[in-house]
Amino acid sequence: MTSPRRVAETEGTALRWLLPTLVLLGTIAAWELLVRLRGIPHYILPAPSLVLATLAANFGSLAQAWWFTIKITFGALLLAAAGGVLLAGVFALSRTVELALVPYAVVLQVTPIVAIAPLILIYVDSTTAALLICAWIVAFFPILSNTVIGLRAADPNLRDLFRLYRATPWQRLRWLLAPSALPYFVAGLKVSGGLALIGAVVAEFAAGAAGRETGLASRILEASFRTDMPRMYAALLLVAATGVAIYLLFNLLARLLLGRWHATERD
Amino acid sequence: MSISYRRRALLAAATVAAPAVWAQGKGTAERAVFATNWKAQAAHGGFYQALIDGTYRKMGLEVEIRPGGPQVNNRPLLPAGRIDFLMTGNLLHSFDNVKQGVPVVAVAAMFQKDPQALLAHPGQGFEDFARLKDAPVALIAKDGQFTWWQWLKVRHGFRDEALKPYNYNLGPFLANKRAIQQGYSVAEPIYVKKQGGFDPVVHLLADHGFSTYSTLIETRRDTIEKRSAYVQRFVDASIIGWYAFLYGDRRPANAAMLKENPEMSLEELEASVALIKAQGIVDSGEAIEGGIGAMSDARIRDFHNNMVRAGLYKPGEVDLARVAELRFVNRRVGVELKSKR
Amino acid sequence: MAAAVELRGVVRRFRRGVLALAGVDLAVGAGEFVALLGPSGCGKTTVLRLLAGLDSADAGTVRVGEAATAPVLSYVFQDATLMPWARVFDNVWLPLRIGGVSRAAAEEKIAPVLQAVGLAEFAQALPHELSGGMKMRASIARALVTQPDVLLLDEPFAALDEITRQRLNRDLLELWQRQRFTCVFVTHSVFEAAFLAQRLLVMSARPGRVIAELPVAAPQPRSGAWRTDARYLEICRAASAALESGLAEPAA
């Protein structure tokens, strides 16, 4: 006999997954119907059935590009997380350093990557490195700013307690500052996850493909130049799917890390 | 303007007056939006000439020229119905359209030779075309990467390892003596000389088997079927514009292009025109007999076979009959405007 | 070993020149339970922080225990101040952990103290699963796990309801009976002070000074009956009067 609470939980989970799925399927069905009934040619708006067929037919080559884009995205994200946390630590330790460097961080954030990407390509030899740098630039700032706030958000009374017990700075970092900052860091990570993907795709768009390894943006461009709309949509579909996957992944991560105790993840 | 030119211009106008008179008799000029593939440059000169000196207007056409640019891709606008005519750079685009079932077709080819070229630094051994594939860095833009670069790889042994994106900035090429880059043979060498102070080595792809037409006018199939006179007038006026631009007083066109593209300079425009003439880009081959814009099935087929051999298309993938409509050109329109200088 | 604490002529000034303490003199004997009573903003918390070493005086002396021995101090905040990401056990373990004691070794010190505060079954609970009173018990457990010589409490029960408060008052006294640490208990409740302490120290409004000292002659342990005793009420009345007069004092 399941308790009412368990039933409610199960219903809640089912709803959370069922509702968006239904809406998605509904949209796809409407799109398919629209194309068929209005006889819209495939080079204006391809039907979902055609897009999926194209995806299946070209999956080999699209999958390679997909993997490259994923590598760039997560590579950049990793570097952004590492760099963001490190620099946040430095900022938290020294207000002077923070004041000195904050203008650069802000400039990095607001300058459009579309404009920077071709420049970076001029100065950096390897195109892969250039793409990583571009994606990194977009993903870096949210992690940095959130983590700085998080490190400063440690309860002042807890801080006093650590002082009272004469904790070393290392102990304070491990047992007070890091856990205090974790929710903020995770929030920054969620934002940066999507941004890293955008950065990787936009950078490749602005830069153009090069070398043997190319990503989804390159495929989209190629399809666009060769007037192959179904293939363009297929590649776009993969980009969208990656975005959704990243969103779900980081939501799961947040739940795992914070679910036990933090107000944002406790249900 | 010389008097003889003016008389010839009047003559030419009279020759094609019938449809124009018909249009004017109707009272309203017909709109035509023409999208090009780059910012205004000498390679577009004939169209701007026809716009400014009234040739389009005399044909009853209200033309708007919409320039392209580095981040602009005007190509999807034609099948989508947003523009009436499109300038394309080579026949590969036409082949792709036919392969994808997109109902657009080429109606004129302003350039008998594609000015697409590879540039290199002098004194690096790149005077020999065969050595270009060994360059460590080849700066190729997105458009080329997916079209003629593929042909260079198969036909001439170029490798993707050397490929780097070209963002229409000469910096990387100027800085690296061993680099090669793409360019229009009638444009980039002028800029290289200006910014880099040297004359680059120029290899026209057309001289090495890339035998396509260039600067083609494309339009939708249904425009041809429903408004063929309209298409004819646009083609004819454009052709006349080119003759006037090359052989007549092109100051109106120059002024228009300088206004449209402030980064261009008059000296660059004139230098480019000189190269266009010297290299026989526009008025050579079939154009001498048939007039500017001439096209032939044989040449299209020949180029297509080259591309099939290079692996860009599978045999039978492209129905050649649907690539171009030849009836709008090869009529010697405007030939008499050519004064022997 | 309980330690005596003392403030002599302590002056403390904050930014913008605000004078928080204007020459405070107080002494607490080893093992004594003293209540520090005063209105809001009088500097009671500042006194506690000075004793804890979290703050330093601008003038005067602060003495905690003998110079030779380093007395063990614990502090209980007004807010339970638990680490929300750690279970009760780990929260209580913190002072020992900082001192280098492993989890296994700490086990034998933590269990009895959790038992003493009545949280033995909640060792694995997370703070957000506890009520306000239980969180405060956990905070006290943490304070006691190091077997302190001096226990400083800053209005620890102020945020709790009356019933819980009285229960915790009783439990605190019980713990003190057993361990006999020196206890300085800050409160603004006259009734709480009179119930718990052996001596009441009344502070004036800011800038703070000790203006009255009221001994409480009731023997320990004290039960609920003490709250209705006439002497208890008399002490409360006297303390209230002292507070009133302290409020009327002009700022120095």
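Chains: A, B and C, in written order; residue numbering restarts at 1 for each.
Criterion: a contact is a pair of C-beta atoms (placed from the backbone, for glycine too) under 8 Å apart; a residue touches a chain by one contact, two chains touch by 3 or more.
Not measured: the values here are computed from a predicted model.
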Pairwise touch network: line, ring, star, complete, or other: line
Taking each chain's C-alpha mean as its centre, the one farthest from chain A: C
Where chain B and chain C are represented by their mean Cα positions, the distance between them in whole Å: 89
Between chain A and chain C, centroid-to-centroid distance (C-alpha), Å: 49
Centroid distance [mean C-alpha coordinates] between chain B and chain A, Å: 42
Overlap residues in chain C, where contacts from two or more other chains coincide: none
Chain C contact footprint on chain A (complex, rising order): 155, 157-158, 160-167, 171, 175-176, 179, 182, 260-263, 266
For the chain A and chain B complex, residues of the former touching the latter: 41-44, 118, 121-122, 127, 206-212, 221-222, 224-229
List of chain B residues in touch with chain A within their complex: 71, 73, 75-76, 79-80, 93, 96-97, 100-103, 141-143, 145-147, 160-161, 163-167, 169, 171-172
Residues of chain C defined as touching chain A within the complex: 49, 52-54, 73-75, 77, 79, 81, 83-86, 94-95, 97-99, 126-128
